[in-house]
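Common to both upcoming complexes is subunit A, partnered first by subunit B, then by subunit C.
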Partner chain A sequence: MSNRTLPRLLQSPAVVLLLIWMLVPLSMTLYFSFIRYVLNNLRKPEWMTPALSNWRGFGNYEFVLKSKDFIFAIQNSLLIVCSILFLTVILGVLIAVLINKSFPGQGIVRVLLISPFFVMPAVNAVLWINMILDPVLGLQGIAVGSINDLVDGLRAAPGVGWFFSLWPELTPISFRATQTSAYAVIIMVTWQWTPFAILIFMTSLQSEDQQQKEAAILDGASTWSQFRFLTLPHLGRPIAIVVMIQAIFHLSLYAEIEIVSRGNGNKNLPYLIGEFANNNIGAASATGIFAVILANIVAIFLLRIVGKTLME
Partner chain B sequence: MGRIVLEQVTKSFGETQVIPPLDLTIEDGEFAVFVGPSGCGKSTLLRLIAGLEDTTSGKVLIDDEDMTSVSPSKRGLAMVFQSYALYPHMTVRKNIAFPMRMAGMSEEEQNKRIEAAAASLNLTDYLDRKPGQLSGGQRQRVAIGRAIVRDPSAFLFDEPLSNLDAALRVGMRLEITEMHERMQTTMIYVTHDQVEAMTMANKIVVLQAGVIEQVGSPLELYHKPRNKFVAGFIGSPKMNLIEGAEANKHGAETIGIRPEHVTASKTSGLWQGTVGVAEHLGSDTFVHVHGIEGCDPMTVRAAGDATFKHGEEIFLTPDETQLHKFDTAGLRIE
Partner chain C sequence: MAIVAQSSKYGQFSRTLLAWIVGLLFFFPIFWLVLTSFKTDADAVKPEFLFFFTPTLENYTNMTDNYDYWRFATNSVITSVFATIFALAVGIPCAYSMAFNPTRATKDVLMWMLSTKMLPAAAVLYPMTFLTKSLGLFDTHFMVILVLCLINLPIVIWMLFTYFKEIPKEIIEAGQMDGVNTWGEIKEILIPLAWGGIASTALLCFIFCWNEAYWTVRLTTTDAATLSKLIEGNRAPEGLFFGRLSAVSAAAVGPIIVLGWFCQKQLVQGLSFGAVK
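And now, the complex of A and B:
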């Protein structure tokens, strides 16, 4: 027995298990995507069991491509993912740099900042849409209402009344509407995932070389230059990690979309899969394959961009 | 120009005062070395001059101008750090260009200075590499290059050679001394290594617990140490300090004699002892002698071909003219 065989043999259970773990679902999805397979069809009961005799070729893919929501779902997936990435990275960097300085109550502030990350996504969505974003009962409705009341009161005031009568009456935004439901999802997921970015950036900032900063101070670098030329490049790697992990997570958002508007005006690929899976497993599987391809494209694309601009 | 004067400078961290009131003048063009055991405040003193630490009280004057509360970048000083402190994601060229870029210098002038600095530091072939791809010595040269291009009124070195191996350290030591001879700019150099201090400095400042023990040229310190601490710190191997009856004979509390000023013999001499360890360096042999009253072991320098063996009897005779005498307070008696 050569000296490499034994280690390989000992590794194999783990490797085989992982392969099964990945390959079985993927190949089943591939298989279902090429056959006709529906959960309920009275006219063609033979389609209700998966079998090779129901072979449909690329028919499911064609069906999905031609369905009215497919292109919209892809666009919307990208809109949601990119917006969340953009906002969480910027907010994450700014807040991490801010709380990296020592101040009284630092420990408590850090714990509080991390806490949104521990809220369940469905709970997060329910809280935001009902208690904060609701145009009547939520914080938004109350805030807009009180501003309107205040302006209304000032209109009658002597001297400045004419100025306030030029102000328009504000109307609260309904975040369950077709046009705005995607933004509601972006807002609540950004709130939930910014802590994740802060956490990663903060640990990275603590490993920043202080002598480099001192050298930069002596070299005449302003605070902004230090941030731009030292801190930001230092954060390049963690930013890439945050972007990668979040991109994968947010491509599969589901609970928030379901709770905010039940897919009204706001679908992504997983949501589309869910809709197809009510009956048409074949089409759902084909959409799943598209989702896998999209995820890979996004991942490679982001890795390139982030890697090039920040790691050099 | 680069005349640096400290007037009654103190520094406290919270309750602890690390530097009690201190006065020091470093003349333009001098190579001053701050030397002392670790924790003696020499780095803190350098950082006070650089402006990286604020003085608790007192004044820092550079070219007769009060710089105590001027920001570090406006003091016209350049600093080289122990860890090099290069910017890891920038190429060597960009690292060297950084201070000029921050000063808004023209591209043309920047390139001219980079080429000149690179040529004088043998870095021309490495300009497009990143610091991670360079050896320790090359990194330190980049750090020096980054300091040179600023054309500072004084260079500050904070233990720049501590991270290098012994052979490289000797080489860089020569290069820095050479650089000082060529540029004639004020340099302040912090080290805990008295050999570096002796070989490089025009002026050595010996510090202990934030207090200046003595200021002087290397040979002044070697021949006339002001107290026991300086006597023991300057010179390698250390000076032998003898207490008790032998010292009292000379009318002192302690007498000191350097290993190179003692003659060793196998047959006769003033003091008798036994050989401990004999260290053969080829050029010299350092013999550690036990059994001499008031000083155990006593180190003696003998010729390179001396054949003292462990346990042998040995006779020592000090050169009376080279004897240092210290009183009860540890101060030198002339």
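And now, the complex of A and C:
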């Protein structure tokens, strides 16, 4: 066996498996997106089996583009992804800088901070929406309730009572409505993924040029300008990576939406695909192709960065 | 100078305090989950028992009756363990040949493998359901294992590749001189040398399998359903079962969080695809 064949042979199981995994379902999606294909239609039973004779061209794409749900799902996907990115990057940078220098108990704080990342998405959603954010029984409801009780008590107090009677009664927010459930998803995913951002930024901060920093301190640079002109530029690439990796993960966010928002109208692209897939496979597939395009836009940039570091 | 020293001492103290507060805040929801799991269902929703209550283990002892926890947990263990083993079995030879016999195509193959990880799962939802159902593999352990293995394979190969690259080529070549065959090279030289890297790759892969929540929910109903499916199925207890739901959730995430503590560094490498060092 020549020097070349064996390596290829060793790679082939992985390559073949991934090739099948990628090509077969995706080409089926592509095919279904161009035909009329529904699971239940009594008047047109011929649409219930996938066949080329049901060719619809770009009809499914048109149908999807014109549906209100699609526009809403795209907007909502972007709202959720962008908010999470914004919050995790800001929090991640601040916390990474905060805990980077050693302090008593640094190891324990690191462990506390990283823990949320390992919580499975289903538990994350169930925990936040029920035990924490529920407007009556969750911590939110209990907290709002006790603040109201406290203010109520103070209203009757002599002297300061008039001041507290100006205060409005607080009402807890229900996070199960269409719009607020998107906020709930943003909160819980930010909680889960900020640790990831912190970890990446901390790893990168450890390779920061210390001599440069010492020189800056000797030159009398303030903490802020050290952060602004040394640390932040150093974090540029890790921030780009965190943004892109998270964008790819969160564009296909599913479990959280499913658990928090089932049936209340809040949806993102994967959720909409799931809804379409209950009957209209053609539309589900066309939406799927849109999702692939959206993810690819991000993936191209990410792969370019990763590719540069690959062979170093 | 004295002022500087004093202010930095003060700064050190407030920084430590702030860091601890942030750490505890982030951990608080997990703490709350565990705390609630020791309350009875009735106590769990009463404000007067917020922090002070009579702890009980009944939620844990009744986990089998309430949720059939062990069946789902067994499925999670079986699928995650076998998916990890298969991913390593396919990934180690692949990463080995990429690291020690790189061709001009190696880089592109690696990038292409990563790109498969970036396809949104939902895009192929129906074809996957269709295929598994028509092959009779719906709700089987085999299918879940296969899917978990495939979605993590790119990351596994990627991580193994970065570990193997660190091993000096000469050691492997010395083995070749001694007439060891490829299988022997992998078994006798590579695996013992890269043992740490392989172990942490396996750990990370296991964690990702355990937490996967799209295909495990979509491709199972009962027989092969994992803990993700169990929790997802009990999403809205309406306050009635906060205690027992917390217990089953804590039991589902507890072991994984502890495992996770041991592979923080590998997590960075695995999830950033080696682009952050």
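FYI, the second predicted complex is superposed on the first by the 272 of 312 C-alpha atoms of A that agree within 3 Å, B and C clash if a C-alpha of one lies under 4 Å from a C-alpha of the other, contacts with A are read in each partner's own complex, and residues count from 1 in each chain.
We adopt the following convention: contacts are C-beta pairs under 8 Å (C-beta built on N, C-alpha and C of every residue); 3 or more make two chains touch, one makes a residue touch a chain.
These numbers come from a predicted model, not from an experiment.
Q: As a test of reading the superposition: which chain, subunit B or subunit C, is in touch with more residues of subunit A?
A: Counting residues of subunit A touched by each partner, the higher count goes to C.
Q: Using the superposition on chain A described above, determine whether A:Gln212 touches subunit B (first), subunit C (second), both, or neither.
A: First partner only.
Q: For A:Ile200 in the superposed arrangement: first (subunit B), second (subunit C), both or neither?
A: It touches subunit C, and subunit B stays clear.
Q: For A:Phe34, select first, second, both or neither according to whether it touches subunit B, subunit C, the two together, or no partner.
A: So A:Phe34 meets neither subunit B nor subunit C here.
Q: Check whether A:Asp134 is in contact with subunit B, with subunit C, with both or with neither, and answer first, second, both or neither.
A: second
Q: Pick one for A:Glu258: touches subunit B only (first), subunit C only (second), both, or neither.
A: In the superposition, A:Glu258 contacts subunit C only.
Q: Could you say whether A:Ile142 touches subunit B, subunit C, both of them, or neither, answering first, second, both or neither?
A: So A:Ile142 only meets subunit C here.
Q: Taking the superposition as given, does A:Phe175 touch the first partner, subunit B, the second, subunit C, both, or neither?
A: neither
Q: For A:Ile95, select first, second, both or neither according to whether it touches subunit B, subunit C, the two together, or no partner.
A: second
Q: Do subunit B and subunit C touch any of the same residues on subunit A, and if so, which?
A: Of subunit A, residues 311 contact subunit B in one complex and subunit C in the other.
Q: Which residues of subunit C touch subunit A in the complex?
A: 12, 15-16, 18-20, 22-24, 26-27, 29-30, 32-33, 36, 45, 47, 50, 90-91, 93-94, 96-98, 100-101, 103, 107, 109-111, 113-116, 118-131, 150, 153-154, 157, 182, 207, 210-211, 213-214, 217, 227-228, 231-232, 234-237, 239, 242, 245-246, 249, 252-253, 256-257, 259-261, 264-265, 267-268, 271-277
Q: Taking the touch rule as given, give the residues of subunit A at its contact with subunit C in the complex, in rising order.
A: Against subunit C, the touching part of subunit A is residues 3-4, 6-8, 10-11, 13-15, 17-18, 21-22, 24-26, 28-29, 32, 95, 98-99, 101, 103-106, 108-123, 125-132, 134, 136-137, 139, 142, 145-146, 191, 194-196, 199-200, 203-204, 207, 237-238, 241, 245, 248, 251-252, 254-255, 258-259, 262, 269-271, 273-274, 277, 281, 284-285, 288-289, 291-292, 294-296, 298-299, 302-303, 305-307, 309-311.
Q: Would you tell me which residues of subunit B are touching subunit A in their complex?
A: 50, 52, 71-73, 77-79, 81-83, 85-90, 98-99, 102-103, 146, 150
Q: For subunit A, which residues count as touching subunit B in their complex?
A: Those in contact with subunit B are residues 209, 211-212, 214-222, 225, 229-230, 233-234, 236, 311-312.
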